[in-house]
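The letters A, B, C, D and E name the chains in turn, as written, and every chain counts its residues from 1.
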Amino acid sequence: MIKVVDLHKSFGDLEVLKGINTEIRKGEVVCVIGASGSGKSTFLRCLNLLEEPTKGEIYIDGISLMEHKKDINKLRQKVGMVFQQFNLFPHMTVLENIMLAPVKVKKMPEEEARRKAIELLRKVGLSDKDNVYPSQLSGGQKQRVAIARALAMDPEVMLFDEPTSALDPEMVGEVLAVMKQLAMEGMTMVVVTHEMGFAREVGDRILFMDEGVILEEGTPEELFGNPKKERTRAFLSKVL
Amino acid sequence: MLEGVYRVLSDAIYFNLIREDRYMLFVNGLKVSIQLTVFAAIIGVIIGLLMAIAKLTNNKILNRIATAYTDVIRGTPSVVQLIVIYYAILGSSQLPKLLVASLAFGINSGAYVTELIRAGIQAVDKGQMEAARSLGLSYSQAMRYVIVPQAIKNILPALVSEFIVLLKETAVAGYIALDDLTRAGTIVRGRTFDPYTPFILVALIYLYITSMLTAFMGRLERRLRQSD
Amino acid sequence: EKEIGGDVIMKRVLIYILALVVVLSFMGCSTKIDTMKRIKETKKIIWGTNAAFPPFEMRQGDEVIGIDAEIAKRIADKLGVELVVEDMEFDALLPALVSGKIDFIAAGYTVDPDRAEQVLFTDTYFTAVQVIIVMKDNQEIKGPEDLKGKKIGVQNATTGDLVASKIEGAEVKRYNNGMEAVMDLKNGNIDAVIIDDLPARMLAEKNPEVKILEEKPSEEEEYALAVRKGDTELQKVINEVLAEMKKNGEIEELVKKYSLGEQ
Amino acid sequence: MLEGVYRVLSDAIYFNLIREDRYMLFVNGLKVSIQLTVFAAIIGVIIGLLMAIAKLTNNKILNRIATAYTDVIRGTPSVVQLIVIYYAILGSSQLPKLLVASLAFGINSGAYVTELIRAGIQAVDKGQMEAARSLGLSYSQAMRYVIVPQAIKNILPALVSEFIVLLKETAVAGYIALDDLTRAGTIVRGRTFDPYTPFILVALIYLYITSMLTAFMGRLERRLRQSD
Amino acid sequence: MIKVVDLHKSFGDLEVLKGINTEIRKGEVVCVIGASGSGKSTFLRCLNLLEEPTKGEIYIDGISLMEHKKDINKLRQKVGMVFQQFNLFPHMTVLENIMLAPVKVKKMPEEEARRKAIELLRKVGLSDKDNVYPSQLSGGQKQRVAIARALAMDPEVMLFDEPTSALDPEMVGEVLAVMKQLAMEGMTMVVVTHEMGFAREVGDRILFMDEGVILEEGTPEELFGNPKKERTRAFLSKVL
């Protein structure tokens, strides 16, 4: 589904990604963990070409992202993304937020888009919030709308960048529940997270990133239960 | 003393307003000033929007053009621009004078609006663009549906303020023989030979309109602040 | 910032109006100027003109030259003082004279009853007439009657302005000087220009695309200088200068010199 | 083709600059514009400082005067102010024209400087005034020695920007028959009947000076930021 | 020396001081303690007329502040004040900061003021910092300069408003040492502080303020050892 080969990314002199190699299979839930500044977000954003890689290749369904920069809008439709800061559009209602991309990008008829949006809102448990503006929502509700908005484009893979770190603790659960459900329905997901419980329970595979490389990877049991590298152990001892 | 004051005043009013229906000169002048300002503002906002986007894209040529435009316009007096555009650039275009003047002032205002809009767009959180792009919207779609509407809201009060500036700028329209409000003062002065009154009247009319606009801007600012 | 409503603004504006009324009335009662005394004290006499009216006054480099310039120079010489030139918009000349900014006007200034109410005219020194300038290829406008409903360019507040303003349905465009009007005529933005004959000839000379119509839009008129009401002493001096220059044919010579020789 | 371009250009230069030493008109005009701007700026800063303090004190009458002043000036076009001040307020003063014009533009600029300085003063930490007063300094001493010097530093770049605006504003000085740079364009045009060249030259000269000032402002801003 | 009678102060509808009565004798060191928002700063600032009392009287050396508002600059010279945020003048060197008031207010000759400033700098242990700008000083050094600046006017009483709360812990000691020395030299001092150690050691009398009144006062032994009121006890249990 997604194949990453020797991915490098530098900001000026600062090399943030130093050669990432991995493959994400259809239906897999991959959780990315690691210390702050290790390059997790940058990695995720490269998968979407929100950051342009300095070197390396990314294939989605066998198509090279680097060779098809022109079709980036097409390719991005296959990849949904959810941000730490939600990034809902504040001047649109919840429904308009969700309908925007299907109507403008996929040229879906308004009515169909609306029906779909309402269905997605039901799915994330916010049926009653369709005509409300984002400023009137709680953080957890905002993030669930953001997930619905990404899902409206029927993506083949969903990227989550610390979707719960901007939330008050009592709202983390509701967002994780939605993500868990998505995973169970077979969505391919890459999740950067500090929620080790979620990673352990939902993740098929855990990537531990450190200083721009994937230092260690494995199933949750392997990685949490029996980390091989010293760095991984040090990190886990701090967060668990 | 009081009688003297009264005489002077009533004479001033009679000669500068009543006789030969001279008040109509002011009324028509005001009409021209307002039309000119409104047209110029519309042109200015359109140019400003385009140039702001040209400044923000990664296209070097567009960047250069937009920068040259704003630098030249903001670096020269509007009177000089008006004269150059009217007599030189659009000289023999045969367009109505009001339109040419609107264009000239619009081109002038556009440079300031460019900076306003650019700042307004840059003030929109970067995450908005990223979210829009990640949904598959193209750059221009993201601009149109997500960024610009939010930027507009940020800069609306500043735009009203620019509108006030523009109204005042148009006072030099007489340079190209457009009978705007200030010109009306000149014409009446030419008829009544009264050096003070016509221009004090003109000043009062401007003052009244700009006060209204300033009050409107204040209310707008408060309204927008509330709606956040 | 506290709330500023429309009514508060109105109140403020009213206060400004009141303040201005006081200032105005104060100025209305302003003091008389003793022109001759001042001229003698400062050793200067101030000539007001609009130096875009060839051949009567025009710019050469930094200087103002022309027929009126020579007359003004004579007046200063006669008084034994320095001549200071104030080159300003034509329509501002009379207010400037009345308010004391200048001491006399010499600007191809036509004697006219309205103006005479405000200022004191000297003897006349030149007979002029308004003429119509159109493009050479203009077949439509042959005389004043054809100007009805047309766009006419004039210099603001000149006799031409008054003449054009009386033409039925005409749209009068008022420029700061005749040259701008002719430029706009060439640009096709107006149909005709009404201006005094001598400047018209010079404009036509410099702009071969235009022509002067034979038929005149108004009667002949007379140029004179103007001084402030009550300045009879200065008026007398100027009249003496004019009489002298007329008698020895100097004025005619000047007209010839500046109309032809220049440029 | 090339020869034609060369001919047109060399003719334009000859008639608009060389003949009759016409370039001197531009040189002298520029001199007048710069003198006018400098004098007006000085007057503007003095007025602005006084009015800013008048706005900030608790004296209601001073408040009102300062507010009326800034409202009226910022609510009317500078051309109209120039005419009113020149012909009406300073009517028969016989002061040199350059001085009257400097006064007029200074009064105009002063209103904008008032707001600049007021904002600059308000941006100085309140604790500074309290510390100064607690040491026994009077309000005016505290202002003079403690607050204003700090405020000046804050607003210096904005003052340079106001200076640029002022330079451009003075382009209408021709209205009161001052032979500034723009008027030089009018005069040369009156001689050459060349609708393009004189004003394009004028525009280029303005552009050159404002660019210099803008660059200077940028350097000043950076310098001041460093010294913090 | 200072006598405060029924001092009230309101900000709009909010009554912050609700009748303060106290007397401060010459040479006495009075420490003011109390919870945040209890009005300690406001009380101190009233002593200096930095805030104008709503009601009540303040006498300094028997002269009523309220009746002599015109001479406020004269009276203020008797009262030095040191602020939590130092409030040094950033555009002047340390020496200029100290010399300003003597030269401009007392019209002291520059040379004399300079000599005095240098002596005061020696006293607060900053002889080498005379030509330095405040931005180049550490917090503790700034506060010591502020003390020297206040002392330059030869005040009869010094007011300190939490002089050490904006300081990093390692700098608190150096400022308290200077204050202790001042107290030993017989300076009359009113000190709002959260440094209970200092209050206990240096204070002659402690005022405990609560909700705009002096709830309890006494020697450090009385107040810290055996507080009478419940509120005092509750406050002390939290801060000691």
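One rule holds in what follows: contacts are C-beta pairs under 8 Å (C-beta built on N, C-alpha and C of every residue); 3 or more make two chains touch, one makes a residue touch a chain.
These numbers come from a predicted model, not from an experiment.
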Touch graph components, with subunit B removed from consideration: A | C, D, E
item	value
Chain-contact steps, minimal, separating subunit D from subunit C	1
B-C compared against A-B, more contacting pairs	B-C
Most distant chain from subunit C, judged by the mean position of its C-alpha atoms	A
Centre-to-centre distance between subunit B and subunit A (centres being mean Cα positions), rounded to whole Å	47
Intercentroid distance (Cα basis), subunit E paired with subunit C, Å	75
Distance between chain centroids, defined by C-alpha means - subunit A, subunit D (Å)	55
Multi-partner residues of subunit B (at least 2 other chains)	87, 91, 195-196, 200, 207, 211, 214
Multi-chain contact residues (two or more partners), subunit E	none
Of all residues in subunit C, the ones touching two or more other chains	12, 16, 27, 89, 92, 95-96, 99, 176, 183
Chains that touch, pairwise	A-B, B-C, B-D, C-D, D-E
Subunit A to subunit B touching residues, read off their complex	48, 50, 73-74, 76-77, 79-81, 83, 85, 87-91, 100-101, 104-106, 135, 146, 149-150, 153
Residue numbers on subunit C that touch subunit B, as the complex places them	1, 3-6, 8-9, 12-13, 16-17, 20-21, 24-25, 27-29, 89, 91-92, 94-96, 98-99, 114-115, 118, 153, 156-157, 161, 173-176, 180-181, 183-184, 186-189
Partner subunit A, residues of subunit B touching it in the complex	125, 127-128, 130-138, 141, 145-146, 149-150, 153, 228
Contacting residues of subunit B [partner subunit D, same complex]	71-72, 74-81, 83-84, 87-88, 91, 167-172, 182, 185, 195-196, 199-200, 202-203, 206-207, 210-211, 214
In the complex, subunit D residues that touch subunit C	20-22, 24-25, 28, 68, 71-72, 87-89, 91-92, 94, 97, 175-177, 179, 186-187, 189-191, 193, 195
